[in-house]
Amino acid sequence: MNYRVLYFASLRDRAGIDAEQVESRAGDARGLYTELRARHGFALGEDRLRVAINGAFAGWEQALRDGDEVVFIPPVSGG
Amino acid sequence: MNYRVLYFASLRDRAGIDAEQVESRAGDARGLYTELRARHGFALGEDRLRVAINGAFAGWEQALRDGDEVVFIPPVSGG
Amino acid sequence: MFRLSENPIDAATLTRELAQAGAGACATFEGWVRDHNEGRAVLRLGYQAYAPLAKTEGERILEEARKKFAIMDVRCAHRVGTLDIGDLAVWVGVSAAHRADAFDACRYVIDEVKRRVPIWKNEHYADGESGWLHPDNTPVE
Amino acid sequence: MFRLSENPIDAATLTRELAQAGAGACATFEGWVRDHNEGRAVLRLGYQAYAPLAKTEGERILEEARKKFAIMDVRCAHRVGTLDIGDLAVWVGVSAAHRADAFDACRYVIDEVKRRVPIWKNEHYADGESGWLHPDNTPVE
C-alpha cells in the first residue's frame, strides 16, 4: 500500500526530508515505523512517539488504508 | 489638639465633606472616632474600620500628636 | 511599581516594561468594569483612593510578591475616578523565568490589592441608586 | 479560537476580542523567547507545527477549558517559524465574570498546549549547535 508520511523535529532532521510517499506492506503504524526507523536510522523508539493518521491521533495498531497520511509525533515542546 | 481628618467612601458621603480640621481633646483614634461618629452619625463601627495616621496604618490606641492627619479606613473594594 | 491613574491604563505599554532577556513567562490580570453585580444592572463606577497610603500599601504588596516568588518584575496600575462598563480598572503584570511563579505572583498581587489597598468602588445602578462595596462586592451598609 | 501564526502575535488586539459586558476579569499568559535554557545561551528559536492536528488539538483544549471553568471566552495563538529573544511565542487569554476562573482556565490552557499540541521548539545556541526539546525543556536525544 501507499502512504504519505510527514516528518517533524528530530525525525525530519534525521530523515533529511519533510515528507515522503512510502510503498509498504505494513498494515499499521507500528509496522510502518519499524520499516522507516530501519531505513532512516531514527533514534526515537515507539514509546517516545505518538501516531496521527489523517490529521487525528490514532493507535499504533489501527489498520492503515491505502493513501493514508501517517505522522509520527516526537515529544512536543510548544509554548 | 488639632487634627486633620480625611473621609472616604461611605464616611465621606455621610459627613458631606472630604476633610476637616478637628479641635479635640481625644488622645487617640478611638476617642476621636467616638466624637466624630456622634457628630456625623456614621453607621460603621470601629470593628469595620482601620486607622491610618500620617499616611501609615496605625493602632486605635496610638497616641495622637497635634497636627496629625487621621483617616478612618472603611472596608476597601478596589480591583 | 504601583501606580494610581486618573487616565486610561495602557496595558500593552505596561506589559512591554516587564520584558527582560531572561524572562520566559508573563502573566497578567485585568479587572474590567462589569455591567452587573449581585443581580443589579450597573451603569458606571467611581473609584476613590487614599492616594499616599494606597501607593505605600501597593508597593508593599509588590515587594512581598518579589520575596515570595521567583519573578523578574511585577507591576500594578489602578484607575481612580469615573469608569464606564468595559473600562480597565486594575492591571497586574508579572514576568518570570517560568510560568508557575508568574501565575502565582500575579494572583497574589491582585488578591492582596483587593483586600488591603485603600481604594473604594462606588457602583452607580440603573435604578438611580449607588453604593459603596466590600471586597466581596456586597454593599457596605 | 486557536491560531497558528507566521507573523508576530498582537496581544493587545487579542485581549480586546475577549471583552464582554459581563466580564469582570481577564487573565493572560505570554510565553517569551528566553536568552538561555538549561544553562546554555540561546540566540533564537525555530518552531515547527503539524498544523492541521495542532489546530484540532488546540481547539479541543479550549473547549475543555470552557467546560471545566465558568469563563466567557478563551483564545490562544502560537507562533511558528523563526523567533528572536524576547519575541512572543505563545499567548493565552481568558475572560470571565470572576478572577479565579480566569486564572485557572488560563493556566489549564497553557499547561495542556505545552503538553499535547504538536509544535516543536528548536533552540539555536551560541556555540553553533541546535536541538529539539521536550516539554520540560530538556533535549530530545
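Think of it as A, B, C and D in the order they're written, each chain with its own count starting at 1.
Quick note on the criterion: a contact is a pair of C-beta atoms (placed from the backbone, for glycine too) under 8 Å apart; a residue touches a chain by one contact, two chains touch by 3 or more.
Just so we're clear, the structure is a prediction, and the values are computed from it rather than from any experiment.
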Intersection of contact sets, chain A vs chain D, gives none
Averaging C-alpha coordinates per chain, one finds the centres of chain C and chain D separated by a number of Å equal to 24
Cα centre of chain A to Cα centre of chain B, whole Å, reads 73
Averaging C-alpha coordinates per chain, one finds the centres of chain A and chain C separated by a number of Å equal to 49
Note: chain D residues in touch with at least two other chains are 31, 110
Two or more other chains are touched by the chain A residues none
So the touching chain pairs work out to A-D, B-C, C-D
The chain B residues in contact with chain C across the complex are 6, 8-10, 12-13, 43-44, 52, 55-57, 71, 73-79
Chain D partner, complex, touching residues on chain C are 11-12, 15, 19, 21-36, 85-86, 95, 97, 99, 102-103, 106-107, 110
Listed in rising order, the residues of chain C that touch chain B in the complex are 31, 47-50, 52-54, 56-57, 78, 89-90, 110, 113-122, 132-135, 137, 140-141
